[in-house]
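In the two assemblies presented below, chain A is common to both, partnered first by chain B and then by chain C.
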Partner chain A sequence: MEKIRDDIIDFLKGQSFMDSNTQFADNESLTKAGIIDSIGLLELLDHISESYSIEIPEDMLTPDNLDSLQGITNLILKLKYERS
Partner chain B sequence: MQILEELNKDIGKLSLDLGGFIKQNVADFRKKGVLLGVSGGVDSAVTLTLSVQELGAENVYGLLLPEKESAPSSTPLGAEICESLGVQYEEVPISPILESLDIYNRKDQVIKRACPEYDPEVHKTSLVLPDFLDGGSMNVPYIKLAKDGEVVAQHRLKAKDYLELIGLQGVKQRSRMIVQYMYAEKMNYAVCGTTNKTEMVLGQFVKYGDGGVDIEPLADCYKTQVYALAKHLNVSEAIRERPPSPDTWSHYTSDQDFYWRMPMNAIDQLLYAQEHQLPLDVIKENTGLPEEKIIKAQKHFDVVKKNTEYIRAAAPVFSLNGNH
Partner chain C sequence: MRIDSFVAKNANENPHQIALEEGEKTISYSCLDNDIDRIASSMAEFGNCRFAVLAESGIQYIKMLMAVYRSDNTAIPLPIELATFNMERILDTARINNIIVTEAQYSRFGEAFFKRFETVIVVSDDDSVNTLCKRVIEEYNNPNLRLVLYTSGTTGTPKGVMLSDRNLIANAASIIEILGITPADKAALVISPHHAFGNSIINSHLMAGGCISIVSMNFMGLIFSMMRSGISMFYGVPSTYRLLLRYPEKFKDAFRNVRLAATAGGAIDDIIVKNLKDSNPDIRVMPMYGQTEATARLAYLPSEDVEEFVDTIGKAIPGVILDVFDANNCSAEPNITGELVARGDNIMLGYLDDEIATERKIINGWMYTGDLAKKLPNGYFKLLGRKDDLIKIGDHRVNPRELEKYIESNNDVSGVFVVPVSHELLGNAISLMVIPNHDMDATCISSFCRKNLPGYLHPLEVLFIDHLPLSENGKISNRSIIEGYHNVKNSM
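Showing the complex of A and B:
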């Protein structure tokens, strides 16, 4: 879980508008904090699909699953578990 | 307070003021008239009518600028309003420009990557975003494939494909801008834009495309006000009843499907409320939306406005005096 969380943070630091020193809570909204925009969201989806070899179903493209570090981590864990 | 009543009031005066704005700016720019791209939509119909009322039909020129994927009704509706106002016009299809840049083939290749079953001979396409108010979905764009008017498939886009498509689509509006200036400069006319306030504040226009103009009469009027102006100016019902659209996808895609993600009345009331910092209870009463959705929409607008600042901005200039 920590590994996934760190990977997403690294991705956001590398790809998004987030300053490398920015701190944010695991349940903080990434869109409202301006960390990802609509393009950033697509890049994040591509990153998750490619790095974890999972496809995110349409009905899981919700703020609960994608708008916070906690939600993203849980989503990846869930989809990886279902795949295995 | 009733927001829609506020937006719809004093339309006669607004019409006169807008006409005065057009006349004043044409004079200030030392131009002999105005040239407009006439799309068959309500924004250009209103702007054309205001221009004719203020400058006279002999000082207004219309360009119909269709391309292969324009709706079949666009050119006839554009021609009809030019003729009804006695405006001289010309049809200049921009498809050859787009073909020379391989836009259609490139677009087909991107769509094919997202939608393996896509056949350009069979399917029409559109780019849509999920409804903002109805669903809990994130802002993820989809390509829809339609056959015989029915949507038969939809696929999510990868980031790089989405960005490429936006760039390819923007060539349409930018090609129109090139043609408009080619004619306007020859005639010593100003190019008159048709962007409304709903589009302007959310950055829903193409920089140096439909945003590449000399004057923007409607850019402080919400779309709701444009419709009220259209009614006041007796724009035909065929134009007023047509769902507003950028008309750049072969399967007709309305502004509500892609840009607004909610009905026009809702977005204009929410934007007006945000602009005037109206209290939540007034917004709830006007829109019928729950508090949670209103707050969510206002935060969404904040993000969109911030992310589209560069579209509205003139290129920043470095100042030798240190004022940047």
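Showing the complex of A and C:
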């Protein structure tokens, strides 16, 4: 779980969505904080799909699943777990 | 009359009719009207003063906007996609003393950001209004000024388009007529409400007494579930439709019961039309054309002509006259290329605090669109590109020369060139060619762009070059830059 969260943070920092020294709470909203917008979200979705070899069903493209580090981590775990 | 008077009128005639929806939240005309009154009372001591409106898309934004109107002040919606310093530039240029802001945006920008204002009004999620500070400073604005919309605040000097009640009402009435909007319609608002297109959806549907369902484009799952809630009219820029088309099955399902799909902000293509018709053979597809300087709408293509004339902008909306002028400012014959000009009650009062730019844009009552066009024998108009070098990215008009200057002056480089490249969703995107001053890493530039520019301006690639991409006559233009880019790519 920590590993997934760290990977997402690495991606956000690596792609300069976040500064390397940004501290961000797990339940904070990425869109409301201005870290990511609709175009940035597409990049994030591609990254998740590729890195974890998962397809995210359209119905799961919601703020609960994608707008916070917590939500994204849970989403990945859930999809990986359901698949195996 | 003001736009908010129509909310009051509908609240009177049809108080329980739902005006706005946002996820699980709904609000009737009568409640909306009351909330507008309550928020407006916090601005009652002001009159004809400029109020920045800082709110994410949603019911709150519409309430706050209408409250500024109702208190007889001028609303200046801040496009929230902008980085803080861009926003500050708008605030400095437009000399805005007062702001009304949602709690969410207040905490995002932080207390220090709001120190610049004399009056700060915070509207919280439960609709309580909290005036943090208040000082009424008299302003001498155009007495007809009601709304200022920014066309481009991304780089360079942002231009504020001044609109009057008359502009807003005239354009909303024309839109109601061409789209046949009724109180039974439920419209989807998925694009930004802070710009002309989104604003026109709000005005026309509230005026018609119908319902608007609001969702942001961030999360597709929310859009698809909203579409299942009985949306009858959908509005999007071409990239909105392309984004939804990434999920073809859901797309088909989403538009099954939509009676009208309207587009604006860029040319629509056959693929979008075909997919819409496939999901619902009875759907009316209506491409529209306009500019912020014309409040929103100038022309539309009647849906029966979509297949045959999809490469045109159709004809003027009711109340607008369109023409093509030659270099001598005379009406050109059909099939002769000139500049598209327009007149009507929807044409702006002018640019905010910029008479020179206004005089260049509106001459003898005609607004010069900057779009090259020709009249077709059937009276329709066909666009043939821009007179200037502006690039259309998504629904944004971007000035590449301003963007270049901005990146140049904030990085250790001696030249930056913006290359328009095609993008599957946005139509166009940009790549950069950069002449560095010394050895540097391309990620510095790309990271600078990420931090300081909205997502649609993030460069697809950053290429280092060592000489200027000049044309044969020694000039720099989009054309010479694109040529230079191809040369670099070919030699890679």
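In the analysis below, the second predicted complex is superposed on the first by the 83 of 84 C-alpha atoms of A that agree within 3 Å, B and C clash if a C-alpha of one lies under 4 Å from a C-alpha of the other, contacts with A are read in each partner's own complex, and residues count from 1 in each chain.
By our rule, contacts are C-beta pairs under 8 Å (C-beta built on N, C-alpha and C of every residue); 3 or more make two chains touch, one makes a residue touch a chain.
Remember, it's a predicted structure, so these values are computed and weren't measured experimentally.
After overlaying the two complexes on the shared chain, residue contacts for A:D46 are found with chain B alone; chain C is out of touch.
Once the two structures are superposed, chain B and chain C can be ranked by residues of chain A touched, with C on top.
In the superposition on chain A, no contact is made by A:E2 with either chain B or chain C. In the superposition on chain A, no contact is made by A:E82 with either chain B or chain C. Touched by chain B in one complex and by chain C in the other are residues 31-32, 34, 37-39, 41-42, 58, 61-63, 66-67 of chain A. On chain B, the positions that touch chain A within their shared complex are 136-141, 156-160, 162-163, 299, 303, 306-307. Taken together, the chain A residues at the contact with chain B in this complex read 31-32, 34, 37-39, 41-43, 45-46, 58, 61-64, 66-67. On the side of chain C, the complex with chain A involves touching residues 56, 80-81, 83, 104, 108, 216-222, 224-225, 243, 247, 250, 425-426, 443, 446-447, 450-451, 454-456, 458. The residues of chain A lying in touch with chain C in their complex are 15-17, 19, 31-34, 36-42, 58-63, 65-67.
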